[in-house]
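The chains carry the letters A, B, C and D, assigned in the order they are written, with residues numbered from 1 in each.
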Amino acid sequence: MPLAHPFDDDKLKEECGIFGVIGASDAANFVALGLHALQHRGQEAGGIVSHDADQGFNSVRRFGYVRDNFTDQNVMKTLPGLLAIGHVRYSTTGSKGQTAIRDVQPFFGEFSMGGAAIAHNGNITNADALRRELIERGSIFQSSSDSECIIHLMARSLQRNIPERMEDALRRVEGAFSIVAMTRTKLIGVRDPLGVRPLVLGKVGDGWALSSETCALDIIGASFVREIKPGEMVVITEKGVESIFPFRPAKSRFCIFEHVYFSRPDSILGGRSVYETRREIGVELARETPVDADIVCPVPDSGTPAAIGYSQESGIPYAMGIIRNQYMGRTFIEPTEQIRNMGVRLKLNVNRALIKGKRIILVDDSVVRGTTSRKIKEMVLDAGAAEVHFRIASPPTAWPCFYGVDTPQREKLLAATMSEEEMRQHLGVDSLRFISLDGLYRAVGEANGRDPDAPAYCDACFSGEYPVEPADMISKGFELKPAAE
Amino acid sequence: MPLAHPFDDDKLKEECGIFGVIGASDAANFVALGLHALQHRGQEAGGIVSHDADQGFNSVRRFGYVRDNFTDQNVMKTLPGLLAIGHVRYSTTGSKGQTAIRDVQPFFGEFSMGGAAIAHNGNITNADALRRELIERGSIFQSSSDSECIIHLMARSLQRNIPERMEDALRRVEGAFSIVAMTRTKLIGVRDPLGVRPLVLGKVGDGWALSSETCALDIIGASFVREIKPGEMVVITEKGVESIFPFRPAKSRFCIFEHVYFSRPDSILGGRSVYETRREIGVELARETPVDADIVCPVPDSGTPAAIGYSQESGIPYAMGIIRNQYMGRTFIEPTEQIRNMGVRLKLNVNRALIKGKRIILVDDSVVRGTTSRKIKEMVLDAGAAEVHFRIASPPTAWPCFYGVDTPQREKLLAATMSEEEMRQHLGVDSLRFISLDGLYRAVGEANGRDPDAPAYCDACFSGEYPVEPADMISKGFELKPAAE
Amino acid sequence: MPLAHPFDDDKLKEECGIFGVIGASDAANFVALGLHALQHRGQEAGGIVSHDADQGFNSVRRFGYVRDNFTDQNVMKTLPGLLAIGHVRYSTTGSKGQTAIRDVQPFFGEFSMGGAAIAHNGNITNADALRRELIERGSIFQSSSDSECIIHLMARSLQRNIPERMEDALRRVEGAFSIVAMTRTKLIGVRDPLGVRPLVLGKVGDGWALSSETCALDIIGASFVREIKPGEMVVITEKGVESIFPFRPAKSRFCIFEHVYFSRPDSILGGRSVYETRREIGVELARETPVDADIVCPVPDSGTPAAIGYSQESGIPYAMGIIRNQYMGRTFIEPTEQIRNMGVRLKLNVNRALIKGKRIILVDDSVVRGTTSRKIKEMVLDAGAAEVHFRIASPPTAWPCFYGVDTPQREKLLAATMSEEEMRQHLGVDSLRFISLDGLYRAVGEANGRDPDAPAYCDACFSGEYPVEPADMISKGFELKPAAE
Amino acid sequence: MPLAHPFDDDKLKEECGIFGVIGASDAANFVALGLHALQHRGQEAGGIVSHDADQGFNSVRRFGYVRDNFTDQNVMKTLPGLLAIGHVRYSTTGSKGQTAIRDVQPFFGEFSMGGAAIAHNGNITNADALRRELIERGSIFQSSSDSECIIHLMARSLQRNIPERMEDALRRVEGAFSIVAMTRTKLIGVRDPLGVRPLVLGKVGDGWALSSETCALDIIGASFVREIKPGEMVVITEKGVESIFPFRPAKSRFCIFEHVYFSRPDSILGGRSVYETRREIGVELARETPVDADIVCPVPDSGTPAAIGYSQESGIPYAMGIIRNQYMGRTFIEPTEQIRNMGVRLKLNVNRALIKGKRIILVDDSVVRGTTSRKIKEMVLDAGAAEVHFRIASPPTAWPCFYGVDTPQREKLLAATMSEEEMRQHLGVDSLRFISLDGLYRAVGEANGRDPDAPAYCDACFSGEYPVEPADMISKGFELKPAAE
């Protein structure tokens, strides 16, 4: 079972996508489709829990793609009922290997008043402390996942019904969370008070759906109703959607990187297609970092919208200078040394006849470790490019994320240890420029840029300003940015 | 084992990609990489044969992707040696089901003077007659593949060495063929006299490579030397490349659809990147079929280069109005009815917030049955597009191909039974226009368009003029276009 | 995954075998061998947990045979360490299907003072009540197994070290249990106060082993030290074996059916080989139920020792009249209707040329539903036997077992609803006789037969006298035998 | 895929079982059952070919047990029709590894007059020479099996119908062969002129069956009609059974080892159950080689009938001193070193409490390499036996078989290099005695023992007298026993 892609370690990775449906026959099939549309948010494993009046709760959890695990009729008919939730995940901090299937969500717990299943996108920043406390009182953990704390806290709540047990539990929890949960009769959605991770509500026939992104509503033919609000809990039954605000109010801090990279370009965030926002980032980038060149090429596929915007703003022709191999999957199982060494060439190839002799602007979404960027530059120069200019559609990524995104340790982030000029030399390109943090805020719709006193987004990966203190990490030795910096 | 993609029946499919290497240690690893780069030419199955002085010939043939079958070290170390060839194939006319692994190439035969393996791209148009004749004389066929005739003809040749046996055999064969073959010491490449299917020569270190396309030379770091000429046989040994022309000379008729769709955009055909040719087709298409609109959107991914060209020539902005799901594979195993009905929505989604209220030009490479085009149109209108204009980067596909391409029967081809206006009504769009055959010839570099007396390409799928008589098909009742038409 | 053998529903089934080793390098390999030797006690699934100073606890749990799951080097090297325990199980009362891997033991729990794993043979008769109570207090169960209660009771114990937590837990538990458990440094064995299920201690090199039966000591070359006593807990560390008796003393009631059928014939119980005891049962049976006949044939393989004894006592020649197919496994996956109908013929065949015209005594170990007995009788008559006499090496099985044996509901037991003569007619044989309960007691070494006031064994399946009240079953409506009966 | 059992190299192995049915609906299901009953004749792989009027020929060939491969309804429904044949095989001289599935029979060939499939039990002693000749003439072999020669000879025959082509082919072939073959309308059975390997005819409903042994007729409820005669060909159609004798007449030489070991004890050979013959061998052995002892124990399972006979003749009690693990399969995949070293202990265990202090007679069917015998002796002594006496139910095996049985090279046969006393010392037992060749002949029904001028059986493995010259082996250097010896 391949647990990590050997050639894809140079991106930040969203760790989860969540989806739920109530009031639709064969709800699990809709959930499977929704998870397929959210596969970009987690490719390691997926799970679905459904509930049927006759057969109770059923669950299937598997490593691998949704399309491989949740389309077989023999599997799907084990998941009957009008109510189902599901989860896709990227490898998390959980243990690897034999027992890791235990870490695949949704998690299920049977309480004295009935059972519940939950699927969680985000990260609980005080999970270690909670876990220690719960074990001391006799809870037995089955996974290494931070999310399992929630179900144990719910089991120990003195409240009688499950939404109230969940309120109890989530008030003990710190960090970022969007949650889709279900009981025998209710579909429940929650976002943390800052609304760091996304969650949207849709209407499908007589029923309802909850999803990380709108693109997954499209695939099942659901209409987009609205975003769940930061700090909101919705409890959906046959009678409709009830809205509760169980937490202390706080200013919203949605993750700005969802706009830059995580969300799918055909999803809608803040009333605009993510594609349009990214094209706008490219426009802004062209204004901030112009350069004389022959063609603008995206690093496929994530750099494409910004490259289109850069081309349109600059007037320099857009061209496909780098071609992605469509048949590159995650499944290079124990590749030979020779194949491992091919690295990025298995995935990308330069359009040699096009590139030769030209001055190239390469537009990419971000630079994390810089390893892929170096290899792409080499391929482009090897094909005879006259000049190579990197333009990056986000500011330098200098800080790790602790809110549900897989980031390298801080010292592995290129921007944490080098200046922009040092990075340019390290990558060996003619120029390297990033969009400014203000420019990025303008592109996502904040006309005045970033308000340093009350930023509209969580941008900790760029700014080092963490809206929720990462308690577990600090107790493990992580050092916050000095206040004076 | 999924033998056919349930949602992908609306494209012509190249049936094969071939690759061979001599003089490189662990040649089979290079072949695996080459086949990975040629995966677009055949996704059903693949095979590699290698030869090692100590261990003789070894072979692995498997259903599925190269990346899944030929990267495991345990598999690859069973394929040692300095000499190897490989083949990827799309489902052919061969039998489906249990025994179909027998139809997976390369084919191997042991002759009295030693063994040989061959991999064939193309189609033998007199295979049925040859097969009957060979069986009558006591040959036992192990596959249902037309290509197996070649190895039996070689076995019965009275020539002593294998290249000469192959000449003997190929002189009996009609149709289209590019072949990569190997003996214990030689790598052999052949193209049929018309050169219908591609084959190129590369240099890798001290050794040599043969490949269907140049993109597969890039992936192993080989340099592109030249195309094998129509009617040429090259016999490559340690001493170098020997060139022979065993067939009666004929005018070249390379497949024009390789330029339109089959070849990868980063391959080089006729000295120009295929991407550039396709962009040029878009430019030509914009000149021939202008229309007033807000944005130009490709049908991903094959329509992208022509859409870029159309936008650049017309000045109408290029935009990603349709987004492809990157996690759509071939492996929807026995999907539920509900999922099967989703059809194209599993693969494509409309960028709703972008499309709404706009007049859209959709650029696609071809229209075969028209089923996918109808569904795309529905999705785009459903998202609120004001107008939909289809622009097609090839002339109407009105005739089946008998030279190694999987095409529906003639009556299933939309253009075989409808006029352009009938097709427009059938698809339900505001306008539908195809590039002219002359326009296509101009875009591929024939400044004067198509010479009707001596066309430079095989364009039978558009023109119904078959450069090699499809003998087996005629005996099965296929009617050629009347000469007077 | 075949979860039940379609042709084997006519035997009582032991539900578990347990094995543990401390102080041997690669202890898990020894455990795998021990479980292989105990496979007759449970074929559905197996699991091993090991502990290594560097790598902590590791676990592998799988459906299927030990020989298929726990011999692969790649698997076994994930189970390092000097300390390991394992479990094989037959399908229990737990839920079937997708999630049933959760029900495969050993179970593991992490407590505040460190983790422990336990493997349980037996059945907890008050598990339902305990489970409800634990859930009410916030415990989350991961399986449907009664054994999981023990680990939750341990987690909630206020004792600090694990053996004392286990004492706490087991004092709350009613029913039959032999347990092998482990912490990071200790191997622990326990038998319930009545000693219903077996457990033995062995010495292997400098280390120790615990096993359900002595045959599993033989396979690893361990010497048999002694049986663990009813009500005894042994805590084994590097320093040796400590013996504790934490429960209220009680008179021993070992399961008499272990002598009749469950244990392997090469195991030692009470100082005598089980084979010899079974041969002695045959001798006793011949004395009690003589009949004039030509040959004595065992129903293979479980009737063989008693048939040998019967032949020796009666002087009627022993012969193999029924031959078992050695290649019959458990894995007839979804057999065709035709094959399912073959039933017992797939497993057994009559030695036609031998049987023809003869008067046959068939010796079997027990009659449960009688379905197999009827089919065997038909085969034997069909082959031309002159007379068929069934002799059964146990008394009529009239009551279900609630102490860790899989028995049909009472109404499905032939002897629960029919007299001996009615059974004879139902089976359609010339005579049918069972050994008496007193005869059975004599054969297992009680010279005076059964003491009705204080029976030396648990014989509830024959007598209906349950030494531990089956509380959960009674609350589900099971009716005990009236005291006056 | 485990291609050889690591612990089972000390027996001669029958290489094949064959079975065919005509005139029964779903004939392939019957064939699957028949092959299951013949599994002892070959466990490595199996194949079935069926013919249906609508769907033509279909074939499934797989590694592993019949019960695992040919019971799944999804597989069996791909094998429709009233006519089917099948084959099970032990690893043959064919190549191992990746391509070995090509060596799994039945083989199929399409001829100009229609196709045929054949399944072969035996060995062609001039296969190498035939193969060279056929390749020279242009035949392409797909397997490394000697049996494939037959199908190529048939393909080249100038006869028009298939039975006559088969006659043509078999007249060119030397060696031992029992064959079951099929065309679209005929089931064909053949035995070589000496009748070395068995083949029987059965009647099942309105149809017919051919089988290696009668036990496979029993499993499908077929009645045993008669043995096919040496040199006979039967051609079975709807109209009945036609008998032909195409070969030059010869004296029958049936394999005597079929009586000793290969055939199942419930099969009928020469009108008597094989079990009875083996019991008779035990009787004869007791007369020839008496010894004073306490118990007679079989080496399970093959020594059991002879041990019963030995006990009955000698009056020494029969006892199960060695117990076989029923869960030992063939599937110890890449076992760990520790497990590999356990060797025979995984399969057999000594009944320690029974054996201790006793004088034991161990009855086994044969001694090949002697490796297992040594290990058994060690286990028995280790358990405290006072004396160990080996009695062997066949003469010393001193010569390899070239007629379809897997034997080690001559120098690996213990009896080829040692006298009986040397063997006794090598095994380290108190006495070792074999039945005489005359005694064996008497037990199989030749009252006067072996006629040295015209032996009634093939006994080359004991006598070194080969009834058919092993031409290929001689050309590879094998030396026949000097005529004078």
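Going forward, contacts are C-beta pairs under 8 Å (C-beta built on N, C-alpha and C of every residue); 3 or more make two chains touch, one makes a residue touch a chain.
A quick map from chain label to UniProt name: A, B, C, D = Amidophosphoribosyltransferase.
Every value quoted in this text rests on a predicted model; they were computed, and no experiment measured them.
S.K.: Taking mean CA positions as centres, which chain lies farthest from subunit D?
M.R.: Chain centre farthest from subunit D's centre: A.
S.K.: Can you work out the whole-Å distance between the CA centroids of subunit B and subunit C?
M.R.: For subunit B versus subunit C, the centre distance works out to 62 Å.
S.K.: In angstrom, rounded to a whole number, how far apart do the mean CA points of subunit A and subunit C lie?
M.R.: 51
S.K.: Counting in whole Å, what is the centre-to-centre distance of subunit A and subunit B, each centre being its mean C-alpha position?
M.R.: Measuring from centre to centre gives 37 Å for this pair.
S.K.: Where does subunit B touch two or more other chains at once, residue-wise?
M.R.: Within subunit B, no residue touches at least two other chains.
S.K.: If each chain is a node and each touching pair an edge, is that a line, ring, star, complete or other?
M.R.: Shape = ring; chains linked end to end, path closes on itself.
S.K.: Where do chains touch, given as pairs?
M.R.: Those chain pairs satisfying the definition are A-B, A-C, B-D, C-D.
S.K.: Of all residues in subunit B, which touch subunit D in the complex?
M.R.: 58-60, 78, 97-99, 109-112, 132, 135-142, 151-152, 155-156
S.K.: How about subunit B: which of its residues touch subunit A in the complex?
M.R.: Within the complex, subunit B contacts subunit A at residues 26, 29, 32-33, 36-37, 39-40, 43, 65-68, 71-74, 76, 214-215, 218-219, 264-266, 268, 271-273, 275-276, 279, 301, 304-305, 308, 312, 317-320, 323, 325-329, 331-336, 338-339, 342, 345-346, 349-354.
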